[in-house]
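Here the structure comes first, spelled out in structure tokens, and everything after it is commentary.
Order of writing sets the chain letters: A, B, C and D. Residues in each chain are counted from 1.
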Amino acid sequence: MLQYVLKRLGIAILVAVTVSMITFSMIYLSGDPAIALAGETATQEDIQNIRRVYGYDQPIVVQYANWLWNALQGDFGQSHYLKKPVADVIFERLPTTMLLGACALIFALVLSIPLGVVAAVRPNSLIDRIALTIAVVGQAMPSFWFALTMMLWLGIYWRLLPISGTASWANFVMPSIALGYYITPAVMRLTRAGMLEVLSSDYIRTARAKGLRPMTVLFKHALRNAIIPVVSLAAVQFGFMLGGSIVIETIFAVNGLGFLAWESIQRADLPMMQAIVLVLSFFYIILTFLADMLNAWLDPRIRVM
Amino acid sequence: MAERVLEVEDLCVEIPIPSGMLRPVQHVSFHVGQGETLAIVGESGCGKSLTSLAIMDLLPSKAKRRAERLVLDGDALTGMTERQMADIRGNQMSMIFQEPMTSLNPAYTIGNQLTEAMLRHKSVSLAEAKDRAVWLLEKVGITAARSRLGQYPHQLSGGLRQRVMIAMALMCGPDMIIADEPTTALDVTIQAQILHLLAELQDEFHMGMILITHDLGVVARVADRVAVMYAGQFVETGTAAQIFDSPTHPYTQGLLECIPIPGKTERGAHLGSIPGIVPSLVGEIRGCHFAGRCPYVHEACTAEDVSLRPSLDAGHEYRCVLSPQAAIANRNKQAAQ
Amino acid sequence: MMRSILTGLAAAIAAVSLGVVPSYAGKSDDTLNWATDREVAVVDPYYNNTRELVIQGHMGWDGLLFRDATTGEFQPLLATKWEWKDNVTLEVDLREGVKFHDGSDFDADDVVYTVKHVSNKDNGVLTFRNVGWMKEAEKLASHKVRIHLHKPFPAALAYLSNAVFIVPSGHYDNAPNKADGKKDFGAVKPVGTGPYKMTELKAGEYILWEKHSDYFKASPKGQPTIGKIRFRTIKELNTQLAELLTGGLDWIWDVPKDQAERLQEQGQVTVENAKTMRVSYMAFDVDGDSGQKFFTDKKVRMAVAHAINREAITKNLVGPASSVIHSACHPDQFACTQDVTKWNYDPEKAKALLKEAGYPDGFEFDIYAYRQREYTEAVIGDLAKVGIKAKLTFLQYRKLRDLVWKGQTPINHMTWGSNSIPDVSAITSHFFSGGRDDPAKDDDVIKALAEGDTSTDPEARKMAYKKALAKISAELYWLPMFTYAKYYVYSKDLDFQTTPDEIPRFYSAKWN
Amino acid sequence: MAVTEIKSDAVALEKAIEPSPGALLRRRVFSHMGLMIGGGILLVILAMALLAPLISPHDPYDQILDRKLIPPVWFDSPKVTWAHPLGTDQLGRDYLSRLFWGARISLLIGFAAMLISGVIGTTLGVLAGYFGGRVDMVVNFIITTRLSMPVVLVALAVVSLIGSSLTVVIWVLGLLIWDRFAVVMRSATQQVRGLDFVAAAEALGCSTWRILASEIMPNVTNHLIVVATIEMAHAILLEAALSFLGLGVQPPEPSWGLMIAEAKGLMFFEAWLITIPGTALFLLVLAINLLGDGVRDVTAPENRN
């Protein structure tokens, strides 16, 4: 187990370093960063000055090392636009997005795992077909369309939910559904496929031959094994949701990281963009690492070696 | 004769498939007494595993079971609800499967899986269940039994797992045990140990046992009575001695030629094989199911359905249009060639 | 299993529908909610020059004078009396008994401090043009000051009323340091004398203002009546509309014509189309800095001018209060004449001109824009009809302005609101005095504008500006497009007056 | 075991009845509802795209501001005219013509992005699956790195930094969504590599490239087609999301995503304006997904969950 953990950890760190290099090189996509940083009133002299102060005159490897070193200490530099430390702004917005992501994930799992299980227990039944339809339709609808339609019905016509902002828990309902709906097909399909496979396995037959109650067979013996790949998927999807919440946050005026990212992109606020990409990537890496660990813990074949 | 634990009369299994109705088990009847071992033998695909699953009511959900009588310990299983059936499974009647590698749940410890049936069926404490599990593990020849309870299936070898499976089947002290090819997946050296163990335990606990196998060598060693199954039907039943000494049905004869039997087959003797393929079991088959492969086939075979009829000795039955004398004569002729 | 989940879900939905939904509803909790798509992180009239802050500047701060938006007259605000001693000295008597939000009293020291701080270029006031004309303020008595100018500045009173807000003495002294060591003046907690005081700021989400209960009674702005005013950032127009229709918002603007007309038909909210000081223009890369040299040729510029159907865009996309303009200023501004070269819609002539210029099959170039994408798309559509293919790059204002300053835009289709100052100097002089925004840097124009900017004789100014405007239109440095008309949409509960200067006076709004 | 027995009987039976594998495949194709529906819709859209110049009633770029926002013919409005069967958009351009031309661009984006990502992902996946060992480790590492970068965010950032155009959108999407190709191709190749005929080819001394081209590739094609459809749908939806935020295809090009984005402001008033391209996009993505599922079912019925 320890060996497994260390191996995974090593890979995670290596990936993180690579991602940080790619993110760092983003700054050179738009030309000379010093000019961008110097801003509107800068003279040639100012730009030279900035090059020196920010180290843009140094070899790129040194620049990268400095940047990474600062980033590791939580210093992502100054936002060009907001004129505040990037880290402060990000950590101010991160909780909102995390909350949204978590709600969306919970919604997705609560919807898709039971549907997947039922669909697997009764293949080709009405519920299976409904689940399949949800999956296929869900994959084909642009998310903003779904979000706006939901706003139209739940918000305007029926007045069930507040439309925008983050004032109360009710404000998170629509964005969470809109965001979570997009991962339900994948989770549902995987749960269904996993359950089908597990349910036809020999040890389920053994469990039934023991005279265990159907619920015990289903939940203790089947779901426990079928859920293992779903855990990985859920972690991966949670990472995707944090990065993919841009559209949803924009529509529902949720002032989270996705919204900040979008604003920063429009303002060409490079340090902010870099930091957000980096933070989200690290998040994803940590999540997949944790998912691996959870998997190992769920699956004794990995845990007990 | 010992008291009958299990009585089966006219058991049928039907499975609807796109091209019609598949009938893998047709009108099977037999009974098993206390301490008695019935071996069901046949090629793979003949319906013997489905027969056992039908008794346990563990058929795939699409499959339908019908039976005139299906009685365990005097209780009719036929009219039972799924709930009542679940109360019997693993309790009065257990099953041992052929794949020890995959028949244990990889996510739970041996101890957990051993005790759960007992905790389900009997009002015992976890400690009591564990004690019985240890006692049984020792019985099936597993050393350091108590420490095994905390281990996971993947930490055990195939032979050990099959022993665990046997112990698991015995947890509630069943009256009836069905062993579906319990040794097929194992090493030859271990096969013998496991069989020996099964026979011993059956004797000790005085259980009825159905042993499903295609290995006639195994049958010869442990079975009291034998049923030969072909294409969904029993084609010959009788005591082990009757079947091995005077096989009457041409299929049984063919089977016995296929397999070297220790002490019965001479070294270097001619090993036969049965030409042809098993008929499709979709829809109705007129006449004898073996007609397509039988060396002695003639018009009468396909004219009408053939039913089981008594052979020369009492309790020995077979399903063929030929008289027992004629059938045995055919065999001897064949052997002489 | 399934059933229990469904029951739970039903219970949750029931709970929500039984009124757990928090209501922002305006009138019921005495809060006016308004929104735009822009984020406001800095609440200070000098360190944030977005329109949102101009509006909130008038809520939180007072200038010395007050300009009546309808009559154009100046009225006393923090000043009670003002008098030009000569054309670079203005003497001002200050009002007594005015209190800042923090409870301190307003006096001459505050004016001296404010002028000293903002007129110092090192302090980095964003729109320095608004304040740079003042040299210093001199305290004559506890409530009397004298403001000295660098040079004669005829628009001084307009700027004093619209752009110079008084902060308490010492306001910026304890500003935190930025990472580069400079002071971050924008981070200071806002304090002014205005009718509302800021009580909450959640950057990027909302700014909450509360009634300033000690607001001085004699103010021409009137006494605030609505308890709270909340500004919210909502990016999506759809979301804004949805909030407005459900009572989550009380006021929005910049609603496109199509949507506004339909809202008007529905009759659930008040819809108003009002003039603004904002104009739309297209600036050509006259000297070819962008690398795409098409527009150095005047014939090509003329072709573009003839190709665009400004009447149709104005009528169909902008709104009834909008009109086509021909000179580089807003017709309501002082000295803005329309008596200049007019380029009418004539696609045939445009094609002929293109042929003459050597582009019989047209050409392809990049067009940049930042506001009301559909207006630019309409321009692109018109250009396509004469064979010019324009590729749109749509950016945020600041990013685009940077590109414009670097001269990298072949054509930029932009707008200018003149900071709501009703004087040509606020637009034409801003763009054509040879600065970074000047696409042509034409000496004649620069000279004429300088003359207009410094003269105090209105007639002389008119003459000078006319000369400049005529040259700009004749040479087509800009193609002036149209004046903006804004659609305001607000709750029927709200008693609100639109003004032509694009500064909604929320402080004087009332509930019906 | 019992289930296998039944299956083997059924298979034996099918074999006995069916004349040839080709006919069998044809029969499966034509009896698969999803495949037929998906294929049918896709054919119609493809025809629309290819024939756009011939069947469009108007020039899709031709704006007539006086005739803007004419509703489609089935609406009860005095403005309705058969000259514009689907009405006109907010700039008075014929909606039907834009829909036809938009099919071209949406399909082009989906197809081109899928092609780029397919080439990258398949190359990596097949190499990793075939060679295993170090190559596999490196490829796995690249895949993990790619997965940890948030797609929407990186796409937006890059497009905003280098400027948006059709080509840029295609390349950015193509370079970002190859991960699924790599993952699936890798495991498919691993499976095929273990089969006897590959070992036989190796034993015969065939060159590596020959084995890859003539033994491996033909046997992973069905997996490739399935992933290709998923990624094509994915690319089309991503473009729609980019367009929604104004960083997709630039106007006046009529991509379906852009048509939705342009019409979104009127969705509460003129819902048809967003419903028409929205439905088109939905049907396209649905058709592609159905096709993919169908191909999987038909070519590998044993994989059907």
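As a convention for this text, a residue touches a chain if its C-beta (ideal position, glycine included) is under 8 Å from a C-beta of that chain, and two chains touch if they have at least 3 such contacts.
Source: prediction; values computed, not measured.
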| item | value |
| --- | --- |
| Greatest separation from chain A - chain, by CA centre | B |
| Comparison of A-D and A-B (more C-beta pairs in contact) | A-D |
| Distance-to-centre winner among chains (Cα means, whole assembly as reference) | A |
| Centroid distance [mean C-alpha coordinates] between chain D and chain B, Å | 52 |
| Chain B-chain C separation of Cα centroids, rounded to whole Å | 90 |
| Chain A and chain D: spacing of chain centres that average the CA atoms, whole Å | 23 |
| Two or more partner chains touched - positions in chain B | 97, 99 |
| Contacts with two or more other chains, residues of chain D listed in rising order | 1, 3, 264, 267-268 |
| Multi-partner residues of chain A (at least 2 other chains) | 148, 152, 156, 202, 250, 262, 266, 268 |
| Touching residues on chain D, where the partner in the complex is chain A | 1, 3, 141, 144-145, 147-154, 156-158, 160-162, 233, 237, 240-241, 244-245, 247, 257, 260, 264, 267-268, 274, 278, 281-283, 285-286, 289-290, 293, 305 |
| For the chain C and chain A complex, residues of the former touching the latter | 1-2, 5, 13, 16-17, 20-22, 24, 39, 41-42, 178-180, 184, 186, 202-206, 232-236, 238-239, 242-243, 245-246, 248, 395-396, 398-399, 401-402, 405 |
| Interface residues, chain D side, partner chain C - complex | 61-63, 65-66, 68-69, 90-93, 163-165, 246, 250-252, 262, 264-270 |
| Contact footprint of chain B on chain A as seen in their complex | 201-203, 205-214, 216, 220-221, 224-225, 298-301, 304 |
| Partner chain C, residues of chain A touching it in the complex | 39-40, 53, 77-78, 81-85, 89, 92-93, 110, 114, 117-118, 127, 148, 151-152, 155-156, 158-168, 170, 173, 250-253, 255, 259-260, 262-263, 266-268 |
